[in-house]
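Some structures are shown below for you to check.
In the two complexes that follow, chain A is the common piece, with chain B as its partner first and chain C second.
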Partner chain A sequence: MPRWVWALPPVAVLALVFLYPLALVVQQSFTADTGEVSFAPYGDVFASEAFREALTTTVWLALGATVGCLVLGFVLALVIAFVPFPGGKAVAKFIDVFLSFPSFLITLALLFIYGSVGMANGVWTGVTGAAEGPFHFLTTPWGVLLAEITYFTPFVMRPLLAAFSQIDTSQLEVASSLGARTWRIVRQVILPEALPALAAGGALVLVMCLNEFGIVLFTGAKGVTTLPMLVYSKAILESDYPAACVVAVVNIAISVGLYGMYRVVSRRVGA
Partner chain B sequence: MLVHSRTGKWATWVVFFLLFLPLFALPLLVILTASFSTHWSGAFPSGPTVENYGAAVRGESLQALTTSLVTALAASVLALTFGSWAALAAAALKKGGKRALDALFMLPVAVPSVVVGLAVLVAFSQPPFLLNGTRWIVILAHTILVTAFAYQSVSAAIVRLDPMYEQAAASLGARPSYVLWRVKLPLLLPSLNAAAGLCFALSMGELSATMMLYPPDWMPLPVQIFTATDRGSLFAGSAVAVVLMGTTLLVLLAVSRIRTKASFR
Partner chain C sequence: MSSGIRFESVSVAYGKNVVLDSLDLTVEPGEVMALLGPSGSGKTTALRAVAGFVKPASGRVFIGERDVTALPPYRRGIGMVVQQYALFPHLRVEDNVAFGLKAQKVDKAEIPARVAEALEMTGMASYAKRYPRELSGGQQQRVAIARALAIRPNVLLLDEPLSALDAQLRSGMLAELARLHRELPDVSILYVTHDQVEALTLADRIAVMDKARLQDCGTPQELYRRPRTEFTASFVGNANLLPVQVGAAGVRFDGVELSVDTQGAAEGASATLCVRPHLVGLGEGPNALRGTISEVQWRGSTHRLYVEVGEGRHRVKADVRELRETPVLGEDVVLHFAAEDAVLLGAGVSGG
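Now for the complex of A and B:
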């Protein structure tokens, strides 16, 4: 019996439970209300203001969160790896634990901290005597951005810490003894070594941000609609399946395209 | 060592904790504190209580906990079976075949979970497969979502496996099935175990696809937390969230204990 026969059963199962449903989504996105094949659902969705707004919000939120995660993750990982302090191991462990929690918990916590009657506003009104506090960003895209940066930064830190542990510290000592300042060492010795890990981590975070749903749902903001949120509201709240399928196809195209790039990048750099 | 002066070091650490504590430690701490309170409108919560936990381990919350545990367990077992079968089969293929199988099994990671939920809903609400409204549709969606992670970690472990062991066994006359069962799988046990922990944690916290699919009588913990906070019961929701985090951590801890034991054998 040839070897590829053993690969058939799992592939068949995957085809039935995953590829066949996806194909149905694509098929339904091309089906008009009358039941015939047409581009009408695409025309309707692309013409709608809600879709265009969701698309731009999704893309800039994902890009912003990715940049934020990369900068923050790089700085934090740099300190853990190269300015070691007692308890640094515990911090790295904590980050691993953090990764195993669902994303919406961050939004839940932010509601207590920055919500309209939360901690920050409470302290403000207590100190200044004002009627209400200045923090109202939670139900705007900025609240989602803050939550996404918080939740996804550990996903950048983990590959970075792995890459940093490969760097020979004697390189840093040599650079330093030759008179290089801290920033120069970071820029010219550490950063080139960390680039593959940064690229891989950044691409992964970008895809996860494009697909993020829990954080946006928990924010409960009517003003923030992303593509996954639009899929949910079209399908479940409005029962408009063709429109939901169109948005889903667009979302799949963006995410799978980026994920393919991530796979190529990470294979090329061997991360 | 990047910073040599004493003041420089302290300054770096202060900046580190000024970023780290508010961003990462504070959210978890806030949820934990809120779960023991009834009121929070200033710097500190008020009305210390354990009442939230009384509600969190009774009635529909308890049912949500068992729902989540059963779903996560079933999804992990199924995902491990299919994921490691596929990974083992892929490792035996030539380069092109392996790459195709890799791409195929990693695809569910790239597709948004909400869309996986929508696809499963569309496909299994119509004949010949009518699963809509049953618990099986939730378990199925979770399995699809976590299989990719099982496949990935088992695949990575197979690459690191020393081929000497199976070659030695085969040269002594062991049949392929015997080699698989008595040599390869035991060697893969630690990574299977780690994959099980990962799948379980992911399934416990899964919200996106579940929101699209859950029937009224099969509501997992994350959905329960959402419905609680959505109707304004933030403190009760926090208690349920702490139960979710605690359960996930306990299972992860138990799994890693088993792993240490297995690697000592």
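Now for the complex of A and C:
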């Protein structure tokens, strides 16, 4: 039996559960209401205010979350890797566990604390007797940003911790004996060697943020519509399948493009 | 500003584990002091205490007249070279060398000349634009030395700088380091090594360390010709250590009278006699020892014979010039050594 025969079952399964639906989505996006092939759905969607707003929101949320994750992740990884403290190893292990958590769990936890009927507001109303607490940011884009940074930071820390463990500590010691203080060592010795890991982690988080659905849904932020949310509302709420498919195709294109970039970067890192 | 390093009963401990036990040692300005010892002897810890990477549990460290015990590493003004070079991989050779100058806020206009000077001194001037990964191990170590010298330190710490190089490069670099020291007569050098040849070649004085303590300190000649302890005798060079009883005009070894200088040791005391293997001769002579050959190692220019001597079958090593006919195992031979080539080590020294 020729070897390619063994490839048939997985390809068949893949085609059935993934490629065929994907093709349908793409096909649907090129189908006008009348049933003929046309670019009309694209024209309609691109022209709509909702789509442009969702695209902007998605991109800036993703960019903001990525920058936040990079900064926070870099600082936290620095501390874990280079400042010996009791339990440091346990924290590093916990990061691995954290990666396996579902994204909505973080949002749920934040809701418990800062939600409109959460603990923080509960304490406030209990103490002051006011009708409602002062914490409403969770339903704004800032709440989504906070949740995304909280959830995705460990994804940046993983590659960073791996990169930091490769740095020869005698380099840091020699640098300090040459007269460099902590800040200079971080900037000129550690950061340059961590750049590839930062790029890889950042690209990964950017792609994941662009596609994030659970976090946005769970914060219950009415005004925050991202591309995945738009797909959801077009398809499920408005039953406008062509438009939903157009948005989905755009989302896929952006993600796949960024994933390609991520692969190129991570191949250069050798990760 | 004077250089020199002074340890005043410096102890270092990790938890209950004492890794350096009240070290008292002075490195004079311009002196090369080798810290020689096996791994775990505390020699690297002593160097790290000077650099500021370990905090002494007690005692004080001085550089010149300055007490640096509480100073952070970046304020000590020390040049340091480590075994694995530790060059910054993303910086070119010239930027590696300039790193310390920039960190110390040396006038920008002055930096290129200082970098060129340091690279010139180590013979790496033509490699200024290369990256470390484009250099061989020996070249990387030269850059590391240039980087340490560029900041014009008064004290240079070398932590096993040649251990990662192969034997041939190592002897070349030894000569290079000796030349650098002649060109920089004011710099005090603390040189940590486990290699006796490096220590004997380079050092003005050697501090022998073992089990977290300073065991002995002296010039290479003193330590080699007149060691004071068994450890020094066996670690600085090779040694036969024979358990002997001090007699009236010599010592008694396994029933044989040997005439050596007893240096006034009390009669009847137990002591150890140290004889270097290359000073033991084959054939009849003064202080003859009879025995049988138990092992022969041919080393090219020499033969090393292991001879079991006397009733106690003590193993005596003899390094003799290459023999025309390799001795046969089990052959009866006579060894001898001159009285002045034997050193009686302090009576009461524990066996080892």
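In the analysis below, the second predicted complex is superposed on the first by the 248 of 271 C-alpha atoms of A that agree within 3 Å, B and C clash if a C-alpha of one lies under 4 Å from a C-alpha of the other, contacts with A are read in each partner's own complex, and residues count from 1 in each chain.
Going forward, a residue touches a chain if its C-beta (ideal position, glycine included) is under 8 Å from a C-beta of that chain, and two chains touch if they have at least 3 such contacts.
Quantities reported herein were computed from a predicted structural model and do not represent experimental measurements.
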Ask   = Where does A:173 make contact in the superposed view: on chain B (first), on chain C (second), on both, or on neither?
value = both
Task = Report the partner of chain A that touches more of its residues: chain B or chain C.
result = B
Task = Using the superposition on chain A described above, determine whether A:181 touches chain B (first), chain C (second), both, or neither.
result = second
Task = Applying the touch criterion given at the start, work out whether A:42 contacts chain B, chain C, both or neither, answering first, second, both or neither.
result = neither
Key: Partner chain(s) touched by A:153 [first = chain B, second = chain C, both, neither]   = first
Task = Classify the contacts of A:124 with the two partner chains as first (chain B alone), second (chain C alone), both, or neither.
result = neither
Message = Tell me the contact category for A:142 with respect to chain B and chain C: first, second, both or neither.
response = neither
Query = When the two structures are overlaid on chain A, which partner does A:192 contact: first (chain B), second (chain C), both, or neither?
reply = second
Note = Overlap of chain B and chain C contacts on chain A, residues 173, 176
Request  = Show which residues of chain A lie in contact with chain B when the two form their complex.
outcome  = 3-4, 6-7, 9-11, 13-14, 17-18, 20-22, 24-25, 28, 72, 75-76, 78-80, 82-85, 91, 94-95, 97-98, 100-106, 108-113, 117-119, 122-123, 126, 149-150, 153-154, 169, 172-173, 176, 182, 185-186, 207, 210-211, 213-214, 217-218, 220, 227-228, 231-232, 235-236, 241, 244-245, 248, 251-252, 255-256, 258-260, 263
Task = Could you please specify the touching residues of chain A with respect to chain C in the complex?
result = 168, 170-171, 173-181, 184, 188-189, 192-193
Request  = Sort out for me which residues of chain B touch chain A in the complex.
outcome  = 1-4, 8-9, 12-13, 15-16, 19-20, 23-28, 30-31, 34, 40-43, 82, 85-86, 88-90, 92-93, 97, 101, 103-116, 118-124, 140, 143-144, 147, 198, 201-202, 204-208, 211-212, 222, 225-226, 229-230, 234, 237-238, 241, 244-245, 248-249, 252
Ask   = Okay, in this complex, where on chain C does chain A touch?
value = 51-53, 72-80, 82, 84, 86-90, 99-100, 103-104, 144, 147-148, 151, 157
